[in-house]
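Next come the structures, one after another.
What follows is a pair of complexes built around chain A, which joins chain B in one and chain C in the other.
Our next item is the complex of A and B:
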């Protein structure tokens, strides 16, 4: 039986680039779930994470996590951010530049726990980099430090705000694998804000789709994004990495998950595709040829 | 991708596989799909449907006689041929918009295909994808 970890229902007036907006959401998150908040910019996705973390206060509503009430406007309860067991990974990582990798992780721990710290350094392949400072690390390494730091306080809830938006598509697949591995290993209930459809398909079992401050749809990604309206039974979300012309046909190089593949299309169709486009590869169940490899 | 609007005329199911007959501008076409009317909303007789199939899954016949197992046979007139080293793209007017076939240039030469030729396009029913127009 699945247990509900988070029960949230809150409202907050927001002032966005496009005007005033009332965030008004009601949702529950199961223990151990990886849930995506999906939708265009400025609909309140990041605000939801901030309210969960206690960095922003809702105008009214309540938030219950496990058996504890973290926020209840009627009873004037508002657990301060530092008391909430939440790991937050921001879009820009927000690492402390004057601290080493190890110090960044150490600083995030409420109580010193060397064993857990070493485990995180090892899991994220940071042991050899632990005495470096963030500015000498690559984007992917910084992302791993930020993720490790978010886990350093042994959070009950992990909040990832577009964690991979600044990473090249080629490396993104590997980092997505690391997030998946982290999730398998620690089983932390995770909320992920993402614009990236393939990423949502790969990482999340459930999606809350937001528009103008409201949850307009929710469900598993396959049902939500309409792929059940087409008869092709083989469907892969992918990103266009390269568009080429060979002979009179177009060849698209696509990244589906962490697998590179090539698909031939007619030349006219080729002209519709640009590098970075998100696509779905559809094939009939009858087409693929299968061979066992073990 | 070839894309035609049609209407479902009949559905024959066995287990979870259905043979779907449709009418596309007065011509019969068929698709074999996994799914049945019980579990797939758009599999309903009289319902509008979009049929999709890849250019490379279309075969071209000229002056054909005898019988062939392919269910989808669309007669048309060649309006354009673009040939590369390996492939030729043959565009047909089938009376309901253009249909594009990608065949080998060798085959196009063997059939001596020319603009204005009356030919038949063949598509296997298991290569036809159905799509709900409400999502298309």
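Our next item is the complex of A and C:
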């Protein structure tokens, strides 16, 4: 039986680089769900997280979490950020430079809980780094510290703002696995801002797709982005990395997830593709050769 | 002669030390308010705080002298209620020095706060920490170079002040006669040898203090964005 944890409905005027925009959203999040806010930059994804965390105040609306009202413009209720049990992972990670990894986590705990702290250090593979300061860590290591710190206060809701945007693609898969493992272990309700399709596919069970401040579609990522219902076809989402001509055919170099592949297309079709295009690779169900690897 | 020399130097250091301590205590909350506050009167407050940087010290000294006067408010009020007289006394000098050196303490601290990424403060509040805890555990430890600059600058600036001290303190040995005044006084008395000693000591103290700032800040370069 799924229970609704977050009920949100709010509006806020935003002033973005492309002009004024009214964020107007209405959504619910189930207990334990991993939900993605997906869309191009500047549509208000981060603002939604900030409103949930209490870092930004909505112009009007309400926000209810469990049985508590966190924000209600009509009743002039606005619970301050520090009283909301959320873990927020910032885009720049916002690790405290004056504290070691361990101290950053320790600072985040309301009461000293060595067992939980050690568990987090171990889960995120930080035990050997625990006495280092954040400025000597690599991007991926900082990301793990930020995630561990967000969990250190045992939040009811975890808010991740583009957690992997600053990470090299080859490390992304590993960090995505860590986020999944974290979610499996702690079961904390998670909202994740992303504009990376493979990431959303891999991590999230449900997606809110945003455009210009509104939720335009929602559902599970496969139905939302695959468009078609499950059929006798294999579909892969990919990005075009290179378009070349070889004799009479065109060759597209594609990146699907972390795999590079080449696909031949007829020369005429080749001219429709540009580097950076998002494509879907479809193959008949009889075609793929499948081998078990573990 | 030498006893007076030592006494004057000690008085100068005492004034600079006490002034810096008072300044540090009042400047941290003020700088935090100027850097993070949302009040509309911040521009006005910033103007008033910065004024002593550009105002002739004699102007500030003159107004302070008028304010200290027991014949009208607020000098009369202080005299009646607390029997305190500020003109030509050491406490009066401390009040004047605090006002005069205020921008030298506040500006570096405020700039330090502003240069920190806003996400540090926000992260601390999402971790359930109060503004007070955030200030002492997160913000201040990350602006140490700014704090050192602010303390040393206001200390050195207080040692070097002349106009304000002359106006409100005069030249009473052991009470308000600080080194910068003593130099002027000795030269007036054609006592160049003594003036030379004062001048050399002030020169060296200032040099060493500034060297400390630059050496410290080179070693502890402030916040680097990741």
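One rule holds in what follows: the second predicted complex is superposed on the first by the 238 of 294 C-alpha atoms of A that agree within 3 Å, B and C clash if a C-alpha of one lies under 4 Å from a C-alpha of the other, contacts with A are read in each partner's own complex, and residues count from 1 in each chain.
Rule of thumb we're sticking to: a residue touches a chain if its C-beta (ideal position, glycine included) is under 8 Å from a C-beta of that chain, and two chains touch if they have at least 3 such contacts.
Predicted model only: the values in this text are computed from it and were never measured.
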Which superposed partner A:28 touches (first chain B, second chain C, both, neither): neither
First (chain B), second (chain C), both or neither touched by A:153: second
More chain A residues in contact [chain B versus chain C]: C
Chain B versus chain C as contact partner of A:248, first or second or both or neither: first
A:77 touches, of chain B and chain C: first, second, both or neither? neither
Which superposed partner A:136 touches (first chain B, second chain C, both, neither): neither
Which superposed partner A:275 touches (first chain B, second chain C, both, neither): neither
Touching partner for A:93 - first (chain B), second (chain C), both, neither: second
Shared chain A contacts, counted only where both chain B and chain C touch the same residue: none
Complex contacts: residues of chain A adjacent to chain B: 226, 228-233, 247-249, 264-267, 269, 282, 284-287
Touching residues (chain side chain B, partner chain A) in the complex: 1, 31-35, 40-42, 55-56, 82-89, 100, 102, 126-127, 129-132, 134-135
Of all residues in chain A, those that touch chain C in their complex: 53-55, 80-88, 90-98, 107-108, 110, 134-135, 139, 142, 149, 152-153
Touching residues on chain C, where the partner in the complex is chain A: 117, 119-120, 122-130, 137-138, 141-142, 223-226
